[in-house]
Each structure stands twice: as C-alpha cells, then as structure tokens.
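You will see chain A twice below: alongside chain B first, and alongside chain C after that.
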Partner chain A sequence: MPKDHGIGASSKRREDVRFLTGTGNYTDDINVYGQAYVAFVRSDVAHGRIKSVDTAEAAAMPGVLRVFTGSDFEGVGSIPCGWQVTDRHGEPMKEPAHPVLAHGKVRHVGDPIAAVVAETLQEARDAAEAVMADIEELPAVVDMKAAVASSDTLVHDDIGTNLCYDWGFVEDNREAVDKAISEAAHVTTLELVNNRLVANPMEPRVAVGSYEAAGDMSTLYTTSQNPHVIRLLMGAFVLGIPEHKLRVVAPDVGGGFGTKIFHYAEEAFCTFAARALKRPVKWTSTRSEAFMSDAHGRDHVTKIELALDKDHNFTALRTETYANMGAYLSTFAPSVPTWLHGTLMAGNYKTPLIYVNVKAVFTNTVPVDAYRGAGRPEATFQLERVVDKAARELGVDPIELRRKNFITEFPYATPVAVEYDTGDYNATMDKLIEIADLANFETRRKESEGRGKLRGLGINSYIEACGIAPSNLVGQLGARAGLYESATVRVNATGSISVMTGSHSHGQGHETAFPQVVAEMLGIPEDMVEIVHGDTANTPMGMGTYGSRSLAVGGSAMVRATEKIINKAKKIAAHLLEASEADIELKDGAFSVAGTDKSVAWGDVTLAAYVPHNYPLEDIEPGLEETAFYDPSNFTYPSGAYCCEVEVDPDTGKVDVVAFAAADDFGNVVNPMIVEGQVHGGVAQGIGQALLENCAYDETGQLLSASYMDYAMPRADNVPMVTVDHSCQTPCTHNPLGVKGCGEAGAIGSPPAVINAVIDALQSGGHTHVTHIDMPATPNRVWAAMQG
Partner chain B sequence: MYAFEIERPTSVADAVSALSADEAQPLGGGQTLIPTLKQRLAMPSKLVSLAGIEEMKYVRRDGDVLVIGGGTTHGRIAREAAEHFPGLAALAGKIGDPAVRNRGTIGGSIANNDPSACYPSAAMACGATIVTNSREIAADDYFQGMFTTALEEGEIVTEVRFPIPEKSAYMKFEQIASRFPLVGVFVAKFSDRVGVGVTGASNDGVFRWTEAEEALAGNFSADALSGVTAPPASDMIADLHGTAEYRAHLIPVMTRRGVAAAA
Partner chain C sequence: MTEVTMNVNGRKVTRSVRGNELLVEFLREQLRLTGTHVGCDTSQCGACCVHVNGELVKACTMFAAEADGAEVATIEGQANADGSLNVIQQAFQDYHGLQCGFCTPGMVMSAASLLKDNPKPTEEEIRHHLQGNICRCTGYHNIVRAIMAASGQETPAVAAE
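Let's turn to the complex of A and B:
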C-alpha cells in the first residue's frame, strides 16, 4: 500500500488550489499605494557609443516624474558578479563593470539606456519614446571564436580583450591527457553547439520598489528565486543599503528555471528610483523585454575527443568549449561553464584522464547564466553524444559500451575533483530497458517503416551534481557566497507549525513536500504544518532555490531544526510525565514513557511550552522555536538512464518524439507525484531544447527570435506521455533525508537521448553519413543533413 | 498601445462611413491587429469594429458556391463548412488555437494577406471571388504580394465566394514557433480543372503552381507530379525556420500529400 501521508506519499500539491483558481499572489499582482510606473528605453543596436541622451522632451510630457539616465548612477555600484573564476595561469577572470543604466556604450540589444518614471504606465511608455538617444553604432561582436581571435572590436574597451577567462581543468592533467589521446587505439571526435535558450517563465520579471522615508526603509518586491541573495547583492554592492534597512519580498513567483536567480539592473533601478522620488515605483517586463533582458541559457560551442583502448575502455577525454557570457557577467555566469560543467565531465564513466578547457567570451548579446541544469546539461550532452558516436564508429551496442565503462564502486573520486557518494548505473539502465520495452523496439521500427517513417532509438545515461553546495569548497572555487540553507521551525502553542525556510518555491511544490517531512518526523497531520518563504523580513538568511538544492539542503536544515524541536519537546514531556528524558519516545504525535502506558499528546507539550505553569523553567526556556543552518558536506549525485524514440519524416525532416522513458535514481523520494511532475517538466524542456528552441542572433547582433512567432516553445503535442520510474534508489549518504534532488534531471538527461534517437533514425534509414545534427534538430536541419 | 477611438457600427453601410474618417481602420477579430497595436507598431486614430455587424457573419451554400460572410470567424467556418467543403473547413480548423479561431475572421485574414496566411491558398486554388462593400474581385487579381491586396483605403471585405471543388485538401507544414504554415498547399479538384494554391513559401506571397495544376488536370494522382518543374528556390522566402531551398522542396511534397488526401 502506498503511504497516504508523510514521507513517500503522493500528497496533492496544496499550493495548486490557489494557483489553479486564480487566487495566487504573483509579483505583478502586488500594487503599492501611490505607485508610479517605469518604462525603460532600451538599445535597439547591439553595440554603440552613446553620444548623448536628450531627455528634455520626455521630461516635459504629461505625468512624467523623472527621466533617469546612466549619469544618474555614477555614484552607484555596478551590478556585481557572484563568482570569480581563476584562469589556467592563475589569473582572475576579467570582470567589467555592469552599470544599472548603460553609460558610455550600449552592449546588447535591450541594454537599458534610460528609464522614465511616470504616473501611469501609458504616460511612461509615451515619454520613453520621446527620449532621444544619439548612438554611434559600432560593429557587433557576435561570433565567439572571432571575438577571441581578434581584439579589433571589444565589448569592453577597458579590459583589452573579449576573453573573460581561459580555464583549464584539471590543468595538471593536460599533458597526460594529450599523450593518452595521441596513443589511443581509437579516438572519437565531435564538434557541437549547445544552443542558446530563453527560459521563458510564465510570469515575466517584475520589480516594485518602495521607500518609507520616516524609517529609512526600502522594500523591493521582485520575481526572485532567492530574495536574501538579492538583498545582499543589491544592498551591499549596488545601492549601499544595509540589510536591516532593506526588505526583499518574492511572493508567488510564476516560474523561474534559473533566470530569476540573478540580480538584475531593473531591481536596483526600482529600489533606487523609489528612494529618489519617495514614491513606490513599479516595473513589469513585457514579453518582448523578457526576450532581450532575462539572462539566457547554454550557448556553448564545443569540441570533444574521447579516447578508447582496443577493448573499448575509455582512456581519456579532452574538451575545448567556447562559452558565451554575453555583454556583462550575470550573477553566476562564470561558474556555469566551469565548476558546474567541468566537474561533471566524468559522467557515469571511469575515464581516468580528463581535461576540460573553457574559454568564456564577451559578446554583444544578452548575458548568459544558469538555466535549468546549468552546466550539467552542457556536460551531459557532449559526453553522451560522443559516447554514442564512438559506439557507432566501433560497431558496438551503445548500451554495452556504456555498461563496460560504468563506475560500479562507490564512493568514487573522479579525475575532475568530485566524489560520487552513491549510485547504481546498471540498475537504472536495467530499469530503463524494462520500462521502455526495448526488447520490442525492432517491431515498433518496422511498424513505423510501414507508415513511411524512420524510427530511431536514443539512449543515454547521466549524472548530475545537485544540492549545492559545501560552502568551504565553493569558496575555494571562487564563489562569493556560502551555499548553506536555513530553516526556522516555529511550533505554535496549539501544536501547529510554521516553517520559515530560506528556500523559495516558485512552482516546485515546497509548500506540500516540506510539511510531509516535518509531519513524518513528529507523527502529526501534514496540514498542521505551513511553509513560510520568500520574504527577508520573516525568514532566516537563506540562499534560495536553484541547482535542485531545496530538499537536499533546505530540507536538511528543516530536519535539523525539527530535531532540535523534538529534543526540547522531549524534555518538556519528561517533566510532564515525571519521567527521565532518556525514556521518552515520540510516536504518532504523542510522547510516551518507554515500557509504560503513560503518555502525553503533542498538543499538551506545545501548550506547556507557551503556558509554562508546570514547566522546568530552571532548565529550559519557554517557547518551542528552533533555527538550523545546514551546510552540505558534498554535492548530491542523482543519476539515471533515459530513452527516446523518434519518428523522422524522410520527405520533410520533421521529427516527432513518439516515446520517452526515464529511469532515475533520486535517492529517497518524499513525494513521488511531485518528483514525476518535475521529470515531466524537465523532459519537456529538454525536448524543447533538442527540437524547437533556438535563441538566434544575426551577425549584427539583432535578436532574430525575439517573440513566440520565432522562438518555439514546446507544447503539449510536442511531448509524448513520459514513462517515469524512480524505484532505483541509492540514498545520498551525507544528508539526513537521503535525498538527491530531481528538479533538473529531466532537462539534463533528455537532449542527448533525443539527438541520439534522431541520428539512429537517419543512420538506420540509410543516411549513414549523418553523424551529428546540432540542436534544435528542426525539420530544415534534419532534411538538409539527409541531403548530404 | 496608443490611444484610439473606437466605433462599433452594426451595418456595413455605417462601417463604411465610419471608415471615411482620417486614419480610421477596420478591426476584425483583432488577432493580427491587436498584437500590432500592443507593440505600438501601428497608430490608427480610430478603429471601426466589424464584430457587431451581423450581416457579415454567415456560411451558406449557393448552388456550387460556398458563400462566407467577411465577419465570420474561423471557428464557425470550421464547423459550418464541414458538410459542404471539408477541405476549407479543415483549413479553418487548423488556424491558431481555439481562442484565435473564435475571434479571428476570414475577412481579416484575406484583408491582411500575410504571406503565411492559410485562406489565400484556398482562395487562389478555387478561384474564389472577394466581395467588398463596393465591388467583386477575382482572387487572381486580389492578392498582390506580401501584405498587399487590391483593397482601397476604407474598403471592407464583406464576403468571400468559394466555388466548391469535387475534392480538396489543405496541407499545412507548420513553422515550429508560430505554427503558421512554413509552406501550405491547397489542392482543389474540379470537374474541369485543378487548382493548386501555395502560401508561406514565396517572396511574392500566395501563388498558384500552374505547372502542377496542368499536370493534375489530366491525371489527378500524386504520380502525375513527377517530372513537373517545381517553383524555383530563387523566389522563395529564407528565414530562421527554412532556407529557400527547403521551402521549394516542400511545395511538391505537400502538393503530393494534398492530392493523396483530397476528399
């Protein structure tokens, strides 16, 4: 019997009641009395020198309160970067300034040049059109390799190069890797592009700044995945507002996918303008603005070489990647192609020698940063594509080649500096073969052939690193923050509980899953537990939600705080039961004395804590509220095996995903239904990346895919029913819940499965010259590949 | 959006007089015009909504001709044309999504003449007649290249008359983002001729593939198309979603499928 409550139960998502009945309180639903509205004037050229910005006409228009330009921000800090990468030669990365409003130059289409604040949105937009920016257009830096090869055109003149860093990992392995590759029995080489994506959360970004002069108190309501991080970055580095004078609130944020982690100029602008004008100031991004101002994802150009010995053991791996940073360094941008990517290049394999080179490049494009998976999808895609290509070149079964090289003993220290605690890659592969009914694939292929379609099968296995991350480790790697998480468990007098968490839920289901854990630990109903999050005023300092860290790190903090609650409650119970604390047991919401029928209910203990008439006041304080900060000792390593079946229309090149199966090892699972939903969503995004989504610039730096007319999001009919299994469970050994994280797996594991399937379809259909197609594998690209 | 005035006449005559104002523009279902206004790409001083004009909303059979009011929505055409002209009903039923189909009108689509609009291919293949408040225009004369038609300022498409073919099919190969046709081909077989209308593909907008029409007139089968000169790639649209060569390739593919599917 599946459980119906607590850990392991598929409790229904309680937050969905408000989301699905239109009673959510999204950021754009927030209106502050007396608010004015912002319209940004954005650059329509990719690169140019600002000769002048004439605001006189705009300032005189009806309703306009003030027009701001870059010069208003001269005394203000630069939008900071949260991670410093050190290059191959021990030098720090190049870190150009990122002004709130462009100053001197514009560096991408969408770069804000000026901002109009007016009484109404309409008036702000009208006046924004009257701002006259005289911009001398410069040639645009778009192609990464050209940007590095020549310094004729620089995105940032003051740093003298377009190269942010040239990173080698592990640099000491370089020569040994080169040697192993030159001596290998077989080397498979693949050049590929990991396409640039736009995250497209359903709710565009919003910022509402307000200022209460009497108390000198600033408040920012923002679409953020981590309000405390925004308070720290914006308060300390940009505006110089101390934490106790700045409150950041991120309410029901309508999706994030990574792009709402970062601190954005618009947040700083609204907070700054509210102080300057002593009026609340609201900005809501249009969808068009979102395309040209939300940080984009991916955008890597990679060459990967895999060396094998005569028995098909992987002996070495070498990669060279150009990673697009865009025009400025977004908050976590430098870490994505390095520490979130290079450390994953071992994948599921015991390849002994690995060298990863990454050149991060500035271009006149929107900044690029973490997007669902962040670095791990890029690592997995290239690795699983090259392994598949090697299997074809060697004429061996792609599953057998993988199995031969799987890591089977744990813990396992990879040559790229991480230690996998647990995993069983053969188990997930076995499970995949079963749930995907691979035994009958050839029958299905024949059936497709009968309908004139080429059917292909794509397999891959993946590993990822979640639950980020040990603070001391990431500190050594250049993080300018700790990556712990926090929770306060406040037990109320009647026994109900509020958990104040530093994690942030913007669709993940924390409000359901977190209470399941606390309820299980205390033996009380889930509905006695409520999650409070998203407001720096009433939650402890936390680092927020990304990198599939919420349950593994935030949940662990909550477990630790709940353990403290249990310890204290036992002391109270011991007093009430006149027994020794050591004899007190907590079960099904009651404390009892071991071996007796004496017990006291949970509610009696909590009441005693707040009405301490009969209470050990000499030993313990009244009240029942505990806080814990949890800093993980390692990453967690979810893994799995995915399979995709496609049908290709040989006349048009159109690819349909007709079957998809995912066998994941997420360690312990708190809510199987939510986990399944996370995998479904991740797979949908992965199919989107593989077949549809393409953020494209032309050579002048104009964004070609600037609306849904040209940027293809996956829709229901692009995604088949996904068979999901997470019964293979090797619990994480170092967090109290044994959980690993599931939020990104789907997006990491699916793109290589889809492309491997497309290649299989074409090859088995006689197009043996097609060894790779770049994502998205659009009909035109697939058709062109078939033409040769 | 910029501010504008709006009028809601209930007759064609009132609409025509409202449109005589400076910079006035008709508003059909708004599925093209409203997004354009929201992006501040157009600045009409007055919109004349046609949505309240009941005399422009109908689908009726008049002998061998299907007569459709210019204000009729795609959704209604999909339902009410199905019995008489399934090929056209299927075309209408694949435009956008239900919300688009419940607002967007055939008159708006025909007036706008987007190079990727669906109806123009059917109008060309069938030799439809576009009826306005002042005249009747043959499809061949009406469509004059991308976003260009024979319409004069203030002229309203009040009706479209489609000769009903014996068999027809619309093959829409969707652009993956917008799901407008990257190439759409309407094949219509009449007792004495065959029409092949191609949309989405050409720099000159919708066109008839006359070589295919001739080949199919003698032998209405997909095989009849082998050896027929395909429209040259040099005339085709090239963009993010398809090269000119790809679009040129898709025209015969979709035509063949249309012939095979025609019902």
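Let's turn to the complex of A and C:
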C-alpha cells in the first residue's frame, strides 16, 4: 500500500493551485512603481572592433532617460567566473574579462553594445534602433580545432591564444593508458559530436533592478535558480555592493535546466542602471534574445578509444575532447568539461586505466555552460556509444558486454578520482529488461518490418555524480564557492513551521516535497510546514538548485535543523512532563514519557517555547528556531539503465521513438510522482538532443537557430509515453535521507539509448556500414548515412 | 490610441490601446491578468493561449483592437464558481501535468478547447492538438494523461506504473 503522506508518498503539489489558476508570481509579473524599461542593442556580427557608438539620436528620442555604452562601466567589475581550472602543465586557465556592455570588441552575435532606458518598453525599443554602432567586422572564430590550430584570429587579443586550457586527467595515467591501448587485443575508436543545445526554459529571463536611495538599498528581481549566488557574484565582483545593501529575489521561476544558475550581464545592468537613474529598470528577454544571450549547453567534439582484452574486459579508455567555451567564461563553464565530465568517464565499468584530455576553446559564439546534466551527458554519450560500437565489432550482446564489465563491489574508487558509495547496475539492467519487455522485441521488430519500417533497440547504462558537492573537494578542484546548503526551521508558537532554504525550486516541487520530510520527522501534517525560498532577505545563505542537489544537500540541511528542533523540543517536553529528557519520545506529533501514558502535544511544547511561563529558562533559551548548514562528504551516484526503441522510415530517414523505458536507482524516494515527472522531462530533453535540437552557427559566426522556427523543440507528438521504474534502490550511504537526486538522470541517460537504437535499426536493415550518426539524427542525416 | 471594449472572464472592460498593442500585452499590462504568459516571439510556444469568442487563440497573434467587442476567456476565469479547480485544472494537479507552471495556463486553455470539440480524444489526437504548445519540463507524458483523465477516460494513476 503506497503511503499517503510523508516520505514516500506521492503528495499532490501545493504550488500547482496557483500555477493552474494564473496566480503564479513570475519575475515578469513584477512591476515596481515608477519603473523604466531597457532595450539592449546587441551585436549582429560575431566578431568586430567597436570604432564608435553614436547614441545622440537615440538619446533625443521620446521617453529616453539615458543610453548606456561600455564606457559607462569603467570601474565596474568584470562578470566573474566561479571556477578556475588548472591545466595539465600546472598553469591556470586563461580568464579573459567579460564586461557588462562590450568594450573595444564585440565577440558574439548578441553581445550587448549599448542599452537604452526609456519610460516605456516601446520607446526603449524604438530608440535602440537609432543607436549607431560603427563596427569593423573581423574574421570570426567558429570551428574549435581551427581556433586552436592558428592564432591568426583571436577572440581575446590580450591572452594571445584561443585555448582556455589543456586539461589532462589523470595526467599520471597517461603513459600507462597509451601503453595499454597499444597492446590491447581490440580497440574501438569513435569520433563524435555532442551537439550544442539551448536550454530553453519556457520562461525567458527577466531582471528588474530597483534602488532605494535613502537606505542605499538595491534590490534585484531575477529569474534565478540561486539568488544568493547572484547576490555574491554581482555584489562582490561586479558592482561592489555589500550583501547587506543588496537583496536578490527570485520568485516563481519558470524552468531553468541550468541556464538560470549563472550571473548575467543584464542582471548587473539593471541593478547598476537603477542606482544611476534612481529609477527601477526592467528587462524582459524576448525568445530571440534568449537564444543569443542565455548560456548554451554541450558542444563537445570528441575522439574516444576503448581497449579490450581477448576476454572482452575493458582495459583502458582514452578520450580527447574539444569543449566550446564560447566568447566569455560563463559562471561555471570551466568545470563542465573537466570535473563534471572527466570524473564520470569510468561510468558503470571497472576500466582500470583512464585518461581524459580536454581542450577548452574560445570562439565567437554565445558562452557555453551547464545544461541539465552538465558534463555527465557528454561523458555518458561517449562511453555508452563506444561500448555499443565495441559490442558490434566483437559480435557480442551489448547487454552482456556491459554486465561483464560492471562494477559490482562498493564502495568503488574509480581511476578518475571519485568513489561510488553504492549501486547495483545488474539490478537496474534486470529491471529494464523486464519493464521494456525485451523478450518480445523481435516480435515487435517483425511487426514494424511488416509496415516497411526498420525497428531498432538501443540500450545503455549510466551513472552520474550528483548531490553537488563537498566544498573542500571542489575547492581543491578550482571552485571559488562552497557547495553546502542551508535550512532554517522556524517553529511558530502554535506549532506551524516555516522552513527557509537556500535551495530554490524552478519547477521541482520543493514546496511539496520538503514538507514531506520535515512533517515525517515530527509526525505532524504536511500542511503545517511551509517552504520559504527565493529571497536573500529571508533565507539563509545557500547555493541554490542545480546538479540534482536540492534534496540530497538542501534536504539534508533540513533534516539536521529539524533534528536540532527535536532535541530542544524534547528538553521542553521533559520539563512540562516532569520527566528525564532521556525518557522523552516523539511519535505522531506528541511527546511522551517512555513506558507511561504521560504525553504532551506538539503544539503545547511549541507554545511553551514562545510563552515561557512554565519553562526551564535557566537551562534553555525561549523560542524554537534552528539553522543547519549541510556540506556533503561525497557526491551521490544515481545510476540506471535505459532502453529506446525507434522506427526508421527507410525511404525518408525519419526516426520515430516508439518506446522508451528507464530503470533508475535514485536511492530512497521522497515523492515518487515528482521523481517520475523529473525522469519524463529529462528523457524528453534527451530525445530532443538526439533527434531534433541543434544550435547552429554558420562559418561567419551567425546564429542560424535563434527562434522556435529554427530550433526544434520536442513537441507532444515527438515523444512517447515513458515507462519508468525506480524500485531498485541502493540508498546513498552518506546523507541522512539516503537520497541521490533525480533531476538530471533522464537527460543524461537517454541520448545514447536513442542513437544506439537508430544504429541498430539501420544495421538491421542491412546498412551495416553505418556505425555512428551524430546528433541530432535528423531525417537528412539518417537518410544520407543509409546512402553510404 | 483606440478605445476598445471587451468582455474578459465575464467582466466588461473598456480601455485605450495602442494600434500595435497585442492582445497578450493588453491582458498582462492593462488588465494585470498575468496568468497568460509570453514564452516566445514567433507564435510557436502557446504559453499565451486564450479563448476569443470561444475559439483557441494565441494572444500574441492578435491585436487588442481586433478583440474589440469580443468575449475573451483567460486562465484566471477557468476555476469553478466556488474557486475550486475545474475538471481540467484538477486533472493537471492529480496527474502531475505541470512542473514549473509557465506553459500551464496555455496548456489548460488548449486542452479546454480540444475537449469542447472532441470530448473523448485519443492519445494521438491529444498529442496532435498540443503541437502548438511547448512544455520543456514534463515531456508531455503527464499532460497527455491529465487530459485523458479530464475527459473521463481511464489512465493509470500517478506513480503506480
């Protein structure tokens, strides 16, 4: 019988009521009295020298308050990067300046050159058209390998190279890996592209800056997954505003998928301009602007080699990846192809020797940073594609080849610096075989063939490192931030509870799931617990929501704070019951004395804490409010096995995903309904990457896919129902909830399943020369591959 | 400026509008009905779906002046008279048909339009109808199920598969 409340229950989401009735409060719904509007003038060339920016005509137009250009930001800091990677020679990465408004050069289409602030949005937009930027167009750096091969054209002249870093991991393994590959019985090699994507949360970014001069107080309303991080980055590094004079508010956030982690120029601009003009300033991104200003994702070009011995044991793995940074370093960009990618190259396998080389490259394109999965999808795609190719080359069953090489004993220290605490990869594979009904695949294939379609089956495993992250470890790896999370549990006098957290939902249902945890611990109804988040003014410093961390890290902080509450409440109850604290038990919302019928209700204890008439004031303070900061001791390692079935039309190359199944091990699960929804959405994004989505630039750096007319988002008729299962549960061993995180799994695990299935379909149709197709596997690419 | 009068969620409103003012701008900025969202600028995403004279309309494809004299329904007017969620809204909550909620008002308006014309749509018909509404969170799985459930058709319970 499923639970109907607390941990493990599919509690309905309380936030849904406002979203379903049009009463949500997204950032664009906020208008501050007296606000002005900004329109940005953005570069329409990929690379150019700014010779002059003539703002006179625009400044004279109706309603215009001021036109800002790069020179207005002298003395203002650069948009900071939050992670410093050290290269294989011990040198720090190249870290060019990132001005709020372009200064000297424009470096990508969409780079903001000027900003017009006016009384109305229409006036701002009209005047922006009148700003005359004289730009000497320069050749653009677009192709990564060409960017590194020659220094003739530099994105950043002052650093003398387009190479941000050349990272080797584990450098000490390099020679041994080379040797093992040269001596292997079999080596499978694959060159592939992990296509550039745009996260595309349905809510475009918005920023509203305001300034109260009397108190010298700045407020920024912004679409952010982590308002405290924005406050720190923007306040300390860009604008020089101390935290106590800067409030950052992220109300309801309409999706993020990573792209709303980062600190963006528009946030700094609106906060800066509000101070300069003593007027609130609002910016709402259009979707076209979003395509050229939101950080993009993925964009890796990789060669991977897998060595096997004569018994098909994996003996070594070597990869070389070019990772696109775009024109500037976005907040966490350097960490994505390195510590979030190289550390995952062991996957689910006991490969003893691994060497990962990553060359991060500046190009005249929009900055690239974390997008759902962030480095882990890139690692998984390479690994699970090359394993599949190896199975074909060796003529062995792809599932059996995986099983032969699965890690089966835990904890397991990989050769790429992480230690998996738990997992059972055979169990999720067994479950997948069951829920995907693999036993009857051949019957389905014949049925498809009867209709003239080629049916393919793609299987893969995945593992991810989530619950980001142990602060001392990531500090050693170059992070300029801690990655703990915080919670304040404020018990009110009548027993209701407000939980303030640094995590922030952008669709994950925190307002529902977190109370399930706290209510379960106290034995009270969930609706007595309210979550407060998204506002630096009333939440403790916390690092926000990304990296499948909110429950594993933020939830653990809540557990710790609630434990403190219970400890104190037991002292109060002991006093009220005239018993020893050691004898007090908390059950079903009441404190009792063990072995007696004496008890006192939760509400009586909480009331006593705030009305301390009969209270041990000499021993404990009044009040019942506790804060905990939780810093994880390890990453968490969700894992699983995914299966995709496709039908390919041999006449057109069109691929239809006809079945998809996901068997995940997320450890313990707090709200199964929410967890399954996360997998559904992640899988759809993975199918989108594999078959539809592609952020395309031409050779001059023009962005060809800057609207939904050109960038193919998955729509309802592109994706199937997804069969999901999370009954294989090996609880995380190092956090109090035993949870691992579920937000990114779908996007990590699904792309290789889709491509493996496409290759299988083509091979089954006799196109045995087709061993790989780059994503997205569009009809054109698939048809061309079939033609040889 | 042009003066327009329309009936929005059963309430008669008269306002001055710019000639190029879109219906969605009018609803959001003038009437403060901010449940209707703007997710793109090419009429692709469907976050701004409303009903105009009973027909499903993307409110970014129509000038406010064109809606002069029209009956307009938005998400804010969809709940039952007692304030409780209507059948479609309730099904979206019951079947977890929303996550971030940004596309949701458009989805609900689109679903209502479908069920008015086709009270028992198949899964394929639902998916076809929703082509003009993009959701980035749910993978559509639970949206489709919510609409099946709202139309009284059997669909497995959430988290019971």
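Things to note:
Rule of thumb we're sticking to: the second predicted complex is superposed on the first by the 788 of 788 C-alpha atoms of A that agree within 3 Å, B and C clash if a C-alpha of one lies under 4 Å from a C-alpha of the other, contacts with A are read in each partner's own complex, and residues count from 1 in each chain.
To be clear about the criterion, contacts are C-beta pairs under 8 Å (C-beta built on N, C-alpha and C of every residue); 3 or more make two chains touch, one makes a residue touch a chain.
Because the structure is predicted, anything quoted here is derived from the model rather than measured.
In the superposition on chain A, contact is made by A:L704 with chain B only, not with chain C. Residue contacts after overlaying the shared chain place A:D717 against chain C, while chain B stays out of touching range. When the two complexes are overlaid on their common chain A, residue A:S288 makes contact with chain B and with chain C alike. Judged by the touch definition given at the top, the superposed model places A:N780 against chain B, while chain C stays out of reach.
Contact with chain C, but none with chain B, is seen for A:Q508 once the two complexes are overlaid on the shared chain. Of the two partner chains, chain C is the only one touched by A:F257; chain B is not. Look at A:E267: by the touch rule set out above, it reaches neither chain B nor chain C.
When chain A is checked against chain B and against chain C, the one touching more of its residues turns out to be C. On chain A, the surface patch touched by chain B in one complex and by chain C in the other comprises residues 122, 288, 708-709, 713. Within the complex formed with chain A, the chain B residues making contact are 2-3, 39-40, 173, 176-178, 182, 240-243, 246, 249-250, 253. Those residues of chain A that touch chain C in the complex are listed here as 2, 10, 12-13, 15-24, 26, 28-29, 122, 200-204, 252-255, 257, 284, 286-288, 506-509, 672-674, 676-677, 680-685, 707-709, 713-717, 719, 721-725, 746.
Interface residues of chain C, counted against chain A in their complex, comprise 18, 28, 33-42, 44-45, 47, 74-76, 78-79, 85, 89, 92-94, 96, 98-105, 108, 123-124, 126-128, 130-131, 133-144, 158-161. On the chain A side of its complex with chain B, the touching residues are 122, 125-126, 129, 288, 651-652, 654, 691-692, 694, 696, 704-705, 708-713, 778-780, 783-784.
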